[in-house]
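So that we are looking at the same thing, I have put the structure below in structure tokens.
Chain lettering (A, B, C and D) follows the sequence in which the chains are written, and residue indices restart at 1 in each chain.
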Amino acid sequence: MKNESDFLVLGGGVIGSSVAFFLSRTGAKVTVLERGDTAFGTAGASGGLINWITCAETQMGLFMRSQSMFEHLQEELGADFELNYNSYNMQIISNEIEWKASEQLVKDFKLPGFEAKLIDSRESHQLEPSVTDDMLGSIYVPRVHYLNPIKLALAYRGAAERAGAVFVNGAEVTGLTVENGRVVGAVTPTESYSAGMVVNCTGVWSDRISAMAGVNAPIHPIRGEFVITEPTVKFCNTTISSAQYQTIVQHPELFSPNAIKYNLGFSVEQTTTGSCIIHGTREMNSGLDNSVIPEVIELLIQTACRFIPRLGSLKIMRTYAGVRPGTPDGDPYIGLTDAVQGFCQCCGHGGEGIALSPATGEAVAELLTEGSAVHCDISRFSPDRPAPAPEV
Amino acid sequence: MKEGIAYSGVPSEEELAACPGVPSRARMARGAVAYIECVQCIPCNPCQQACPQGAITVGTPMTNMPVLDENKCVGCGRCVSKCSGLAITVINKACGGGLATLDFPYEYLPLPKVGDTVEAADRLGQAVCPARVLAVRSDGGDEGTRVIRIEFPLDEADRVRTIRRLKPEV
Amino acid sequence: MELLEREIVVIGAGPAGLCAAIEARRTGAEVMLVDENSRPGGQLFKQIHKFFGSSEHHAGTRGYDIASELCRQADSMGTEMWLDTVAYGIFPEGVGLVKNGENYIVKAKKIIVAAGGSEDPAAFKGSTLPGVITAGAAQTLANVDRVLPGKKIVVLGSGNVGLIAAYQLMQGGAEIMAVVEKKDHIGGYGVHAAKLRRAGVPILTESVVTEAVGKDSVEAVTISAADAEGRPVPGSERTIEADTLCIAVGMSPLTELLWQAGAKFSYVQELGGFVPLHDEHMMTTLDGLYAAGDVTGIEEAPIAMEEGNIAGISAACACGHIGPDAAAWLCAAAQQRIRSLESGSFGDNRWAARHRLLDSMPRKE
Amino acid sequence: MSDLSIKDHPVLGPAPVRRRVTVYYEGRPVEAAEGETVASALTRAGIKVFRTTEKTGEPRGLYCGMGRCSDCMMVVDGEPNVRTCVTPVRDGMRVEIQHGLA
């Protein structure tokens, strides 16, 4: 039969492409349906920082597996995704309250080999001469990677295709085929596809696919905006952030109303082409609207100029926004569900999709071809886990 | 290679023969007359307004080729500088003395001077014969398009369309 | 960020934007006209040839004279002109502008985008070499700045832009070594080609540029015969000595703002690529957002001006400054003038394309 | 030095007399007319190389002439990435070839 495969992966973002790669590597026949093009959605509007210090504790196992997988991933995928491996991240501390919170953060993190430290203003400037003088110091976070998320998704895809996977672009899934309590395929406006297993990797759109399978898996989109500058000579040695994300909830008095409204953090990366990517807002429950809000851009630019004055002399080339797939408890849905057969969830990675993509793809492939995930325990991400109590 | 203005930038014999702006040989032999080398459907009509005799009709639609009423045309040359396409000249084959004159638009510098001997040229810009400059004028306040009158042997009247561009004085 | 409020914001002060501003202002509407350049007029100031068209509407007038007249009118009517101002986005909150490093959001009842077009690039070996420039840049240099881009020039492309630029460069004193055209026929009007031929310029049809040769800048241009698909025929190369190569291979609408705003588009080859869907009032699929001029399809300035007229009148009408009957009458007259400019063998297919575009505009119930 | 000025023009007439200013291209004085763009002044003087590319060091020069492309970007008074085709000259302006990203 035409359009028949072992695995039908829905979504060609960084998660879907990774899942397709790890599945096809086992020799399975894999088809990926993507409504736009690879990295068309969230992966195309993401920062590339992979930073353990901001990872949720619940996801640390998956994170650390990914962390080590990144070391050889470029060779494994046979593609350059502009990986800066084992770099560091500098989080600028602006005031005493942030300093205290940062001390606590550094102290609380107890994974051997992952030790952040607080450094003073002088040492911060030695590492990153472009940062502002108006700072107390910074958190120095070692063993941080950063990469180009779009190229990462394309790298997974290329490697998956070489292993035999078929990627179909412009294929928006409009329905799932369910027979006798089992999902057996998916349909687009022009084609129908069948498979032994359908894997839902559709990120912010995944709740709609889940509903088609009769599964309740809520997604709360989180919008973030991005500012891209013109290319310039290398002046950031690594990624520079602000430590203010730790205090914005507890100490709103330190922030402007818009900073609170848009949950302002700050992060800048300079890409290999020389452009700087400025981002850091997290607008909770934004819906799927990925349009850019001028006041958010203004806020990001002001923040960027405050922390790195040099950015003020650069022209802005473009701005865009992306939505990330948040979930009610903050953890992704990974695994099979009792609600329906033939349907595997792999979505809801929030702001960590890029970072968690290698271990996620590996775990799903292991689960579906060997019966259980070997390298990581993904049981806590079960789609059937109890929903968190609603906030009062 | 295919012939015609769309292929070479030079109108073919057929295009000229079918062109309603080109006067008959008999009319040209009688004296000065406009020669409108407009062989394509161009949305343009200032030539119609320019003619004080009402000898040029474009009508509606504006893309009609201009029709010359050769009996109304007196060869005054008012239309020459008004044609945005620089497609109109005035030919006079009845000057006598074995000579013809041509009034043509010219938009280059340097300008020739009255009395100069210049090289008359054909539609390909190739030199045809020497010609004498009889007049250099600007009509209707537009200094940009000069109308130049040259005199040359009558035998060459069907070939001569312009002069070779003058080299700047060093 | 400063918040401003205006009735109508027009983006782009070329022929379409100026006409839109003038027509809207004429009805008493409050108009802010924005342009990123330091003077209005768009690309009209480099048009020193006489335009075609009807003698009642600028035909026989040179582009820069039209530009001066439009600027004078816009100014005398008290149009609020924001020059050196970049419009960077159209948001629900308003139009985002940057002037002198200051950020403004202008809330407008109606927005008219008249951003114009840009020239398409051509790819061949050496196409990035200094001395390879767009025909438009060459025209700006020669006709506005009074500088020749070079002395011996090859022009790639025989559309009206290429033919006119070649002629104007000769008027500035340059030598045109050749006009090179991939197709078997000349793209632009025969009369423009005939001017070049009378000046001795070869127009090489069924030919392509295969290389711009030179170390730090163009020293020669290699051309080849082209086959029916426009590919170079091996072995047919020849080299023309030149210090400049002007690229005139077509133009595309500058549609970024309209895409960003969320307007719907259609691909129309005859009009230069993706063009915004619009109704007969030049309103896009977004309520209150209008488009006029090259941004709706590449045309010559007289058509851009008529579209600007329609957009300006329609926007003013929608703001209540002119009655619908009067507006309809004025727009119909402008449509009539567009029809007369877009007829005949050169315009009919564009007129038809324009109407297909109008027909594909979703209708309100 | 070559001069590509169009001194007289059949349609536009003689070039308007404008105040002369001097810009310094790689330290070398270049005469310019007040109000013209940097790109125009350099072209007038026969200068064609405006920048070189980051990876291969290839030369680039004036291309689009309307501020759309990045080929004419130079270092002007120490500021990189200045689009010289839309930047007017100022007396005493220092204009340098931009090598790679600056």
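Please note the rule applied: contacts are C-beta pairs under 8 Å (C-beta built on N, C-alpha and C of every residue); 3 or more make two chains touch, one makes a residue touch a chain.
Please read these numbers as outputs of a predicted model, since none were measured by experiment.
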| item | value |
| --- | --- |
| Highest-count interface - the chain pair sharing the most C-beta contacts | B-C |
| Chain closest to the middle [Cα centroid of all protein chains] | C |
| CA centroid of subunit C to CA centroid of subunit D, Å | 24 |
| Euclidean distance of C-alpha centroids - subunit A vs subunit B, Å | 72 |
| Centroid distance [mean C-alpha coordinates] between subunit D and subunit B, Å | 41 |
| Distance from subunit D to subunit A - Cα centre to Cα centre, in angstrom | 45 |
| Per-residue multi-chain contacts in subunit B, two or more chains | 107-109, 144-145 |
| Subunit D, residues touching no fewer than two other chains | 9-12 |
| Per-residue overlap in subunit C, given as positions that touch at least 2 other chains | 48, 62, 171, 173 |
| Touch relationships between chains, expressed as pairs | A-C, A-D, B-C, B-D, C-D |
| For the subunit D and subunit B complex, residues of the former touching the latter | 8-13 |
| In the complex, subunit D residues that touch subunit A | 54, 79-81, 100-102 |
| Of all residues in subunit C, those that touch subunit B in their complex | 48-55, 59-60, 62, 170-171, 173, 184-186, 189-201, 203, 205, 340-347 |
| Interfacial residue positions of subunit B with respect to subunit C in the complex | 1-2, 5-11, 37-46, 48-49, 60-63, 82, 84-87, 107-109, 121-126, 144-145, 161-162, 164-165, 168 |
| Subunit C-touching residues of subunit A, taken from the complex the two chains share | 291-295, 298, 316, 319 |
